[in-house]
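What follows are several structures.
Two complexes, one shared chain (chain A), two partners (chain B, chain C).
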Partner chain A sequence: MHPINRREFLKLTGVVGSGILGAGALRPLKAIAKEELGRGPYDNGKWIPSCCHMCGGTTGIMCQVVDGRLVRIKPNNHNPVGFTNISDDFFANADKEGAVMCPKGNAGIMALYDPDRVRQPLRRTNPQKGIGIDPQWKVISWEEAYSEIVSKLKNLRDAGEAHQLLWFSEDHCFTHIQDDFCKLFGTPNYNMHSNLCDVGRKASFKILMGDERPLIDAINSKYMLIFGWNPLSATKWSHLPRIITRGVERGAKLVVVDPHLSYTASKAHQWVPLRPGTDGALALAMAHVILRDNLQDQAFIDEWVTGFTEFREYVKDKTPQWAEGITTVPAKTIEQVAREFASTKPALVDVWSGTHHTNGVYAGWAIGSLAVITGNVEKPGTLVLPDKKGNKHIEVEADEAAKVTLKQPRFDGGKDKYPYFNKSGVYAEIINRLSKGGGPYQPKMGMIVFQNLLMAVVGTKNVETALRKFEFLVVVDTMLSETAEFADIVIPGTTYLERYDLNNHWVTWPILGLRQPVVKPLFGQPAEYEFVCELGRRLGLKEGNGGDFFWTGHMSHQRIEDKTKWYEELLSKELKEGEPKITLEELKALPGATWVSKNGTKYNKHTGAIAPEKVQDAFTEGALLFSKKKDGSKDKQIGMLKADGTAVRGFMTPSGKLELYAAKHTGKKDANGKELSPLPAYEPREWQPDDKYPLYLINWKEASQTHSRTQNNAFLAEIKSTDGLRMNKKTAQRLGISQHDEVWVESPYGKVKMKIELTEGIHPEVVGTQHGWGHWALGRIAKGRGAHTGILAPTKPCALSGQSLNKEICVNVTKA
Partner chain B sequence: MATPTKSETMFEEVIDQQLGRRSFLKLTALGIVSAAAATLPAEIAEAAKEAVTKRKFRYGMVIDLRRCVNCKACTIACKLENKTPPGVEYNPVIEEEIGEYPYVKRNWFPKPCFHCENPPCTNVCPVSATYKRPEDGIVVVDYKKCIGCRYCITACPYGARYFDFGENYPAQETDYGKILSPEFKGEYGLRKEGKSPDGNVRKCTFCLHLQDEKGHYSRPPACSETCMAKAIHFGDFGENSDGGCITHQDCNLKQLLVARRWIRLKEELGTEPNVYYLM
Partner chain C sequence: MLPKLENQENQALLNQEIAGGYFLFASLFYQPPRQDFLKMIIEAQLLTQARNIHHQGIEPLAKSIEDPRWLHQEEKIAVEFASLFVVPGQGMITPYESYYCDTLIIDHSTACSPYFQSQEGSVGLKGFLGGNSNQSVQALYKKFGFEINPAFFDLPDHVSAELEFIGKLYESGYYAEAENFHQKHLGRWVGLFLNKLSGQAKSSFYRAVAESLQGFLSMYDGRRDGKCLD
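What follows is the complex of A and B.
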């Protein structure tokens, strides 16, 4: 490991920036030998490159370890995630400017050394389960823990009920092996985070672009129109603050549509507050203005868009006046923003979790439509479809016994029920079916890995009932979360600083960063993948071909006793067969332990020609080209034939084009049996304020915390120790409420006590708070700070995507 | 009035450094010190000569408020770097809300120590524990000398000084408690109850352990290195410096101050902060 990172090394050797190094007495570093750089404990030990997991953002980090102790975490300049999502920017500037880390990344040391961590396996001795009921933990040995869990799993599998195991996991950590385990064990019920996050957005963009996750090229943009997203503070990807503020610095205008004056809205040139759940109406009215005034990119539309005529017809009466009545945004503001957006190039428009409402998928589609009609797709400075290639998840084949139970329907109804089902599952449906006894069968066992369902899924009382239904529940976590209190056995997990992972997300071109153990697991506990491996071994799970998946080294093909070594080989295999084509050891040796493809960001990928031999080999259906399966049948969509006969990639939609009209929706129904709309139609969200519950309640994320899992972090608690209920001053005046008053926030589902934070920065019909507070467990710091508003909502999935609807809540607020 | 002679300027600098401008003005008013350079007492003249030769750097920051997003990574990076205890934050972010709905804005700025050219905090120290380092101008506290009287906390017009009440994070009971603090090049090592700096005054040192008085090395203070929007630029404003930023290679501090509008806080006090905010 080199003691300093590359950028600093370049500075020292004077390779780069000689103009700065050359003159003055400032840094005559050239002459100084490395050993003379001594500065107390600063350069002791070694620096180990890795990736953060304080959130799912996987930012590159450099960890200084002295005497086996983590001492410091610094940005890793070799990993693009901490710098930019565009390759030109990375290659030209990363060395000069250096990467970044967010406050959570800087506070990672407190997660590692949190004294409230679970150290040993625990078994509950109190059979009663419920919120506020002490499980009366008893420390048990690892052997006891394993044998009890394995015997429960074995009973399930032997009885042909393997599908009755529900598995839940956090994302961007050891997901492949858990997925593999579920398959080899025989349960189709593996669930993984995204459903609580952005599957609504995924559905919107899947319909429109055939790609679930376009990313913003902010640094090259001249106009940024952001709906319901707080990227400068909810910094899941640590490069967002840099690329967005840099875009603004280079002349872009930033406009933020949000009921709350988020930090991003504060930073914007213009804040457009609106009623929650009306974003779709606003977007349609903007489309109306753009098309009325003929500001669309007609050439682009003619070539790459389908359904333009229907869409234009649909928005004809969606006037700014119409939208003003729905959104409260003045018609003249709608006119102004729409015209500016359409007449500035390049412009980008995006939305994230602001659409956690019943009408969210169509709203996201309508918002995306603004990019499409103005031709702001796949160009520099617009929405760009990422070229996501990394390690390859090698499919495992289940054995005969597992195949039988794998054929059982998913407990949540899966894609048969939800037209835009995502493999991460439908948490709200699972909880509802568990608590109310519905569904095709009743699951007996739950395995929850590093997730806190009681606080992550709204409808807390309902979640409580659901968790009680498991005959046997195992929770793997670093902390005794609210959910862990419902476990029969708790297994101590590892933090990201004690384990491996491969990370290849969040930028527009292929990269892959290694997360590796920088310290040994503090309590000698296995990493989660080793725990899963041990279960697989003890259960004797085999592949369809009889292969010993959990024993055989995936590179050496030898039986491997050491589970860490076994996992290292599995990672090597994924790397070798994936895009990097290197081993784990080779990845470790790369600067910053990050593989960065030299290919870089590609724009206008839809115009890319398909090689003639590929066209020849393709399975053709209408204008679409597909690759072929071995038996010659249709496999994946690879491109389209244009009217002139040329074969190009196009978009991965049923028309090969961007779809303002989705013909495939005709005759299809959502989870509630309602017909899908072929257009991004606006319908009011289901739950509207009334006399009894007159205020909208929303929640958001800020840089200071991740979801509901970091509130016990001592550093983070210091920058923001809790959150109150933010309320507009005029609303408070009307209700006779003053600053810092304690109030009851009440919905038909329950009530919570909160402290009022008065502000001018929130829509007068809306109250809101940062998500994640109100813990009654987790640890000594987290406990008793703020309120958990999940109790006020029903557990409800979006009928199209299954997205857990976390923001559709109406409340009444009274003085306590 | 004619341009002051070199010796006059020198004299003023010395007075500023040794006594602070305000105390100097007070003393002059009382007739204790004569303002004429010609009548400089020998020892002050000597000190003046020394100060001028000694002063190599004028470390400071240029903080771009157009970039700053209020993420507070700087605040935490500082805690991680310097291992400061609860309640001791060398670089907090200050926030306010202005305007009326819907024309409303939240403003904020990170607030490290400004390492003023004329620091009002150093002269009040009865035991000379806190001083401006003659070579690089960094305002430091000698934990061995500090008696915890907190005069300096009152004297600082920017609230940049903190008292260490001896509190610890819960993690102190774990391996975290065994990590040496690099502050003052590790001179104080492990945090122990009742031992300095417990019961002392503490403050931002521009990560002193990353700056060498002799100029052999200089590294970005933790806050500037981690900054999510690259808003915090650290470097040398001194006359020998070309303005090169230590945090970001392509940036020049002196050029930034020419190109952009900037402010320093409470300019009217004559403290001459070395932290500039770009507007």
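What follows is the complex of A and C.
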């Protein structure tokens, strides 16, 4: 070692400056193409239409970009999702009134410019994994990240173990390409957020109506009966508050059934608090009153409902007195609401995440049955089945190698185990099988894209054990979430403001909004679809016909190097072959980059006639009509033949009608081996309070946050920076607990400390909190605020739908 | 104040030295040093040398601050680099000008939520990325013929980019512009950044980096347009 002179210093630092460490942060401008010089794309400021993804609601947004910097987000008046869900209202009023978005929409800027974003690929250097264990991250180059991930994937595939890759993805963003990748790679184990959200509801309405997602036509309604849902505030479509309040302005009565005085309940004409998990009993007792008093719509039932006799017989003893003992709702209230609901037309009834308990699917079915027996289906102001036509997911065919592993059973048991299995997978079953063993095989590799399983799936300790079982785990996320801390490699993701997506649904007629990059990815990172495409390319994945799915332009049929351009062609293909029949560029050019079908909302679709030529060409089975596959075999249900021989659309159930009695359940079993009930049976939820854990614990969503992913957003933290434990004043008095006391909330699975918020707006047997707080990672703002109650629950799936049961918890609360 | 030397040749040499110093520090914040670079730093006492370039603001160190043990700590230094400058968390020292210096004005005219309507006027918020500073430095890079290297995978107002840019200005003879850039950009926040680094770095390596850069920049003491967020 020796001190150097000035010239030597110069020489050495000159070597540093000229790139001994590789390229520096800057490079000469001459490397830029001429046309890019001097004028950025947004030098003069520009409004770019897109779609929000602060939640899954996909509200239309307009983004003002100045000098490449996003400075403002406002609602996009051209996208119905921010305004209404019925077309005549949109066409008549959207221009005059303008669309809206929720506080999270405004706060999107901070999601983009959050200082705690993951910026570089990271590799853990500490092989130990666990909550509280520092992964000791090291920055790696993109090349290193790709090489290592591809090498692990290749090893799996070469060993004939492609099915041992488990893939988890967020919803309403780049799901198709991830699904395609899984298929071409050869794993049947693609999973997606929906399992954590509404597959319980989906199962309920699939049984009853043959459609998983009816929507409420609130504007035209005269009576709205909402079970266990907070549509004026909770994470969902931003048109909901407008259509519900507009319905109320027009004279509708709003009744909310919920253990908690939610924001929606606080705006309702009547709040009906009940014990958690007893909504099915309440609905059956209402049905009892309606049928006892002959308030049903018999003509509708006779024509469009099956199983009415069995249902009427079943509810005969489900009296209001019977339900009062179960739900604590006074019998006279049940009588009053049931009679009002049945005698007010049109009326609607709905339920959402209130179905996150063991009786949830049957409860949702019972709730939906109220709409059916009163004829409140497919009419203005009732539950309407949406016309879900948008972009088309182009099916890919796997090659021979992938076909072999695709034949392996799903790790979660899939439809063989869960009678109402949804393709989004069964997260709780996956976690249980990973952590405790069991299942057809033990997966070796996990790919988690924009999901935080440790906060989203209850049974935190169990999830922790499960995540440790992966031999190699990759997490792609914008934030270093609790789950990302278990990764071997973390890949920086993009926000919705830096990438493409196509968004449809959420209204009753076909529309499609474009999500597009309003700024370039901040850190030069590839969008998730480009990341997946790069993996596919490096793995050399081929289609069954030998086609290079990840290389070939889906419109030009030419080899495309640029992955963004390649993806743009894929989106064009989906649009062209879907309902819009336009290219991506044409979609961009539409007002608000939103395609809106002129056909509009259609009611009473079940009465629509099937064209004679279609009937003639159909595959017939009993009274049902199906389209035919190329080989002439049965394909999708398209309609039914009525008794008089006319062919109509009907409902997509086994009978073609609305089913109060599901004959197909006969002889079938749920995941626990229990016989399925052919009727929407009420059974007490499995976990009931006892002396040791005497209180129900529930959780809910509010507009201020989305699930567990937005708590690091500085704007949103200003609205509400944490949440306490809400407890009824009478309960607190009995327990000697005062306002703002710190308490221990304890279950057999763990305990958390929370601060008490006293209220009269919660059932006395219930305590509750907003979901999503209690981060120990994610970022500097989120960390340490509130409590994560997922630690207090077991990891448990619904035995029918596989829905993760996040709301079936009992606790004891004591002063800390 | 920039040192002025009577001899023109000496002045040019000093300016080249200053450019070299900037490149050295830019490299240290660009990515963790590999072993060959560590070896060079230790053997040539580069940090001590850089710290001692200007004598006006700080007394030169008689003793080297380099530690030969660093040579065997490449992995440890790489992990600390990630935890200090990359991995989001309580230990991270955000390396961007926007985070310290910019204020985001929330425009209530588009607020559709009752949550926002209760507040009057505009509300400012600090501590975010990609602010005006980011755009501003990017424009200056462009003006002097540079752009962000795509291989950098980071933002224009990153400490490494700003250091490198000043080095490029010195290298090209734009001394006044370099000083101006320091005053209007890097100088407004780098002190806060380095104070945090001195306080939070666990290894002697990054403490030495912080100390040597503070010494290197001492020529600018008292010459900046304003101090940013504490």
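Operating definition for what follows: the second predicted complex is superposed on the first by the 771 of 816 C-alpha atoms of A that agree within 3 Å, B and C clash if a C-alpha of one lies under 4 Å from a C-alpha of the other, contacts with A are read in each partner's own complex, and residues count from 1 in each chain.
The definition used in the following text is that a residue touches a chain if its C-beta (ideal position, glycine included) is under 8 Å from a C-beta of that chain, and two chains touch if they have at least 3 such contacts.
From a predicted model like this one, the values you see are computed outputs, not experimental measurements.
Peer 1: For A:F715 in the superposed arrangement: first (chain B), second (chain C), both or neither?
Peer 2: both
Peer 1: Of the two partner chains, chain B (first) and chain C (second), which one does A:K730 touch, if any: first, second, both, or neither?
Peer 2: In the superposition, A:K730 touches chain B alone.
Peer 1: If we overlay the two complexes on their shared chain A, which of chain B and chain C does A:K96 touch? Say first, second, both or neither.
Peer 2: The first partner, chain B, only.
Peer 1: Which partner does A:K74 contact after superposing on A: first (chain B), second (chain C), both, neither?
Peer 2: So A:K74 meets both chain B and chain C here.
Peer 1: Please indicate which partner A:L122 is in contact with in the superposed arrangement: first for chain B, second for chain C, both, or neither.
Peer 2: Second partner only.
Peer 1: Touching A:L584 in the superposition: chain B (first), chain C (second), both, neither?
Peer 2: neither
Peer 1: Give one of first, second, both or neither to describe whether A:L284 is in contact with chain B, with chain C, with both, or with none.
Peer 2: After superposition on chain A, A:L284 lies in contact with neither partner.
Peer 1: With both complexes overlaid on chain A, does A:E760 touch chain B (first), chain C (second), both or neither?
Peer 2: Touch partner of A:E760: chain B, not chain C.
Peer 1: Look at A:C173 in the shared chain and tell me whether it touches chain B only, chain C only, both, or neither; answer first, second, both or neither.
Peer 2: neither
Peer 1: With the touch criterion stated at the top, can you tell me which chain A residues are shared between the chain B interface and the chain C interface?
Peer 2: Correct list for chain A: 7-8, 16-17, 20-29, 32, 69, 72-75, 100-103, 105-106, 109-110, 113-116, 522, 703-704, 714-715, 718-719, 780.
Peer 1: Which residues, counting only chain A, touch chain B once they are in their complex?
Peer 2: Residues 7-8, 11, 16-17, 19-29, 32, 36-37, 39-42, 66, 69, 71-75, 93, 95-98, 100-103, 105-107, 109-110, 113-116, 232-233, 235, 238, 241-242, 245-246, 248-249, 261, 263-264, 266-267, 271, 273, 522, 703-704, 714-716, 718-720, 728-730, 759-762, 764, 780-781.
Peer 1: Mind listing the chain A positions that touch chain C in their complex?
Peer 2: Against chain C, chain A makes touches at 1-4, 6-10, 12-14, 16-17, 20-32, 67-70, 72-75, 100-103, 105-106, 109-110, 112-120, 122, 125, 136-139, 142, 479-480, 519, 522-525, 703-704, 714-715, 718-719, 777-780, 783.
Peer 1: Please name which positions on chain C make contact with chain A in the complex.
Peer 2: Against chain A, the touching part of chain C is residues 13-14, 16-17, 19-24, 26-27, 30-34, 36-37, 40, 42-46, 48-50, 64, 66, 68, 75, 78-79, 81-83, 86-90, 92, 94, 96, 98-99, 104, 106-107, 110-113, 115-116, 123, 125, 127-132, 134-135, 138-139, 141-142, 145-155, 158, 160-161, 164-165, 167-168, 171.
Peer 1: Applying the document's contact rule, which stretches of chain B touch chain A when the two form their complex?
Peer 2: Against chain A, chain B makes touches at 56-57, 66-67, 69-73, 75-77, 79-81, 86-87, 89, 93, 97, 99-102, 104-107, 169-171, 173-176, 178-180, 182, 185-187, 209-210, 212, 215-220, 225-231, 235-236, 238, 240-242, 244-250, 252.
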